[in-house]
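Scrolling down, you'll hit the structures one after another.
There are two complexes below, and they share chain A, which is joined by chain B in the first and by chain C in the second.
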Partner chain A sequence: MIAWIDTLIQGLLLGGFFALSGLGLSLSFGIMRIVNIAHGDFLVMAAYLCLVVSSLTGMNPLLAIVVVTTLMFLFGYGLQKTILNKSIDGGELSPLLITFGLSIILHNVLQEFFSADAKSLDVGAFEVASLNIGQINIGWLPITIFFVSLVVYTILHQIVESTRFGMIVRAIVDDAETTSLMGINTKKINCLGMGLSMAIVGIAGTFFGIKSPFFPLAGGLQLLFAFEAVIIGGMGSIWGTLLGGISLGIAQSIGYRIGSGWGEFAGHLVFFLFLLLKPSGLLSKETSHV
Partner chain B sequence: MLRLEKIYKSYGSLKVIHNLSCKVSEGEMLGIIGPNGAGKTTLFKAISGQIPLDRGKIYFMGEEVTDVPAFKRCVAGIGRTFQIPRPFHGMTIFENARVAANFGAGLIGKEADGFAIQAIELSGLVDRLNTPCSALSLLDRKRLELARALATDPKLLLLDEIAGGLVEEEMHQLIDILKEIGRRGISIIWIEHIVHALTSCVDRLLVINFGEKIADGDPNSVMAKRDVHEIYMGLDMKYP
Partner chain C sequence: MLLEIKDLNAGYGEIKALFDVDLTLNQGSTLALIGSNGAGKTTLLRCITGLIKPNNGYINFNGDNIEGCKPHDIATKGIAMVPEGRRLFPSLTVEENLLMGMCNNREQEWTLEKVYNLFPALKVFRKKMATVLSGGQQQMVAVGRALMANPRLLLCDELSLGLAPVVVKDIYRTLKTVTKTGLSLIIVEQDINQAIVASDTFLCICEGKVVMSGTRETADRSLIANAYFGN
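Here is the complex of A and B:
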């Protein structure tokens, strides 16, 4: 019984990371209607960025996260302004192909600068420190990631529901063309949206680098997990992605409890069942904002 | 106020607008009729900046706006409604109009709120400010389209079949609203299939077919023309 409670708690916390890594993808789809194939690679890029910032400044990666998030926001804004905005007018396939190309470029650039060897972000003893409750040990790092994830979701919810920017975002999610006929520069909003999406990728990427070793080609699996979280939760729904991430985390955790090779398979199985039985996901756009 | 100079628009080999020129003066209400596929809605898309032209020029308030994006044309004073209402579903009536007042009219705070409420009041929805759009009837959705377009503070209002699907009584209510908008000095271009609704309001009538101008002038004299009957009303004048 204790083992299963432990499994559920570990799954919940793992789900917090999936939810965080899927949020940027959900946002770029929800606002800009961009299926970002390079999402996982941007996550890995953020981990390398944190490595560089930590190495240059001596900052702890947990503090460097602020610098990484800011730089990733600027990167996202610039990427949308210079490349993706121009591709949006060509339909949904065009940005998909462009992000696929960016993914390949990023693989090569990262390999060129950092080699194919795995790297990691060192946060000292914090990485293995744990909270002991009876027979259950819960790592402080997964707890931190989970709560940071909840904080990011809450802030984003407040932005969407209570600010002028959020009001525009809700309008764009409903109907981008009509929004431009209300005097709104939707391309500028797209830039801010991609900036926000990449800022969240910056946070998720740093935690990814802290919790596991990373290498230039590690983004593919992260993209898959992020996609699974977004689709299980419902494409374009913020809170759906949180639920999707947690569902995926619990499924993987239960899988690992059954056998070491079953973890990822259990997650993929849940994803497959959702595609088969409820392709709109837990919370579709009709029941939530963004 | 608005001048179209020899404009052309094709989708592939399909010519939708062909060598069309037209003017609309300040405070004028122009009606546009034509059979389905005549290019009426495409004309609105071109004026509002949703689609680029193949050739020709568009002038608004003396400035060329041919290559100006849609959001800037809205800020400059071109507002439009859609044939099938497209409200922001996740918002209330008030929130829909406030988006338009904030960005189209460039107002903020209480000024924007007040302007949005005025537009909603003129459209006859003021008693349902906080009603979600998903709960509205067709007439109310059309009124909301109008309210939202008015909240952008337009100088020129493009109305796309706003009376379509309404019963006679609802249409009379709508016509009263449009006359009031006209009295406030806002120019209107109104695409409509319900000809008697148009002719009861508009100062001028433009007839287009296959994207070309067929007739333009006083509504009664335009409707009396033989080729207008032949093309638009489906009457074969050769064999009366």
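Here is the complex of A and C:
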């Protein structure tokens, strides 16, 4: 019994990370209709960025998150402005191919600069510190990631529901053409949207680098997890991605409990079952927007 | 002259929809654009608003050549549209739909309060999603949203589509009061009578060509009907 409660809690917390990383992907699809194949590689790039920032300044990676998030926002804004905005004029396939190309370039650049060896972000004793409740040990790091994730979701929700920018974003998701008739330069909004998406990737990427060793090719698996969270939750729904991420985390956690080789498999299985039985995901577009 | 269009040719890829269209509109006056299904009325409005790039010809609005400009730039210059099928934003409330009209940042004459005075029915529903309203109320939101843009030229594409005659009459009566402030209007209708009564001048297009034009006073319904059907 205790073991199962432990499994569920670990799964829930792991899910917090998937939800955070899935959110960046969910946003770029929701607002710009861009399926960002390089999502996982940007996540890894953010981890390397944090490595550079913290080794240059001596900052703890947990503090350096602020710098990384800001830089990633600017990166996302610039990427959309220079490359992606042009590609979305060429239909839905075009940004897919462009981000695929970016993914390959990023692999090579990261390998060139940082070699293929695994690196890690050091946050000292915090990484292994844990909260003990009876027989259950819960790491402070997963707890932190989970709550940061909830905070990011809440802030984003506030932005989307209660600001002028959020209103315009919802309008674009509904009908981009009519939004442009309102005098809105939708490409500029896209830039802010990609900036926001990459800022979240910056937070997720830093935590990724803290919780596990990373190397230039680590992004592929992270893209898959993020994608699974988005699909399970329902494409285009922000809160769906949170639920999807948590579902994926719990599935993996139960898998690991069955056997060490079964964790990821259990997650893929749940993803596959959703694709087969409920392709619209937990929260489809009807019950929630953006 | 507020709007002048000359030799406009436009279409969708290989398909040509407009041929050498000329049009002029004075400040403060209303033009009826009439034609049957597929005549090219919507295509003409989409050219004016920048949603379609014309193949050639020019569109001059208030002294600026706007053909080929981006839709958001044209909107900022003072052209608003009530699109065919209304195209309200389903994820936005009635009030948010209206506020979207203000996003072009033109100097503010219209306010939420003024729109609610014009269409009192909307005020009750301001916090409701736009899609739960009746067709007529949705059309009021679409008109209100366009007015909130403070346009100098308002384009209305088939306002009456799918609405009860009393509702249509009501909306046109409201538009009439609005044009007194100097707003220019292009209204697209399939119903010849409805269109002519509400306007100063008219233009009839058939299969992408202007086949007839004139003023309300000189309009001869039977001649227009012939032109309308391409005879």
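Going forward, the second predicted complex is superposed on the first by the 290 of 290 C-alpha atoms of A that agree within 3 Å, B and C clash if a C-alpha of one lies under 4 Å from a C-alpha of the other, contacts with A are read in each partner's own complex, and residues count from 1 in each chain.
Going forward, a residue touches a chain if its C-beta (ideal position, glycine included) is under 8 Å from a C-beta of that chain, and two chains touch if they have at least 3 such contacts.
All values reported here derive from a predicted model rather than from experimental measurement.
*Asks:* Quick one: on chain A, after the overlay, do chain B and chain C clash, or do they fit? Just give me the call.
*Replies:* These partners clash in the superposed model.
*Asks:* With both complexes superposed on chain A, which partner does A:Asn185 reach: first (chain B), second (chain C), both or neither?
*Replies:* In the superposed model, A:Asn185 contacts both chain B and chain C.
*Asks:* So, A:Ala171: does it touch chain B (first), chain C (second), both, or neither?
*Replies:* A:Ala171 contacts both chain B and chain C.
*Asks:* Counting only touches as set out at the top, which of chain B and chain C does A:Gln10 meet: first, second, both, neither?
*Replies:* After superposition on chain A, A:Gln10 lies in contact with neither partner.
*Asks:* Could you give the residue numbers on chain A that contact chain B in one complex and chain C in the other?
*Replies:* Comparing the two interfaces on chain A, one with chain B and one with chain C, the shared residues are 164, 167-168, 170-171, 173-175, 177-186, 289.
*Asks:* Enumerate the contact residues on chain C facing chain A in the complex.
*Replies:* Residues of chain C touching chain A: 49, 51, 70-72, 75-76, 80-81, 83, 87, 89-92, 96, 99-101, 103-106, 145, 149.
*Asks:* Chain C touches which residues of chain A in the complex?
*Replies:* 164, 167-168, 170-171, 173-175, 177-186, 289-290
*Asks:* For the complex, which residues does chain A have touching chain B?
*Replies:* Residues 164, 167-168, 170-171, 173-175, 177-186, 289.
*Asks:* Within the complex, which stretch of chain B touches chain A?
*Replies:* Checking each residue of chain B against chain A gives 48, 50, 69-71, 74-75, 79-80, 82, 86-91, 95, 98-100, 102-106, 148, 152.
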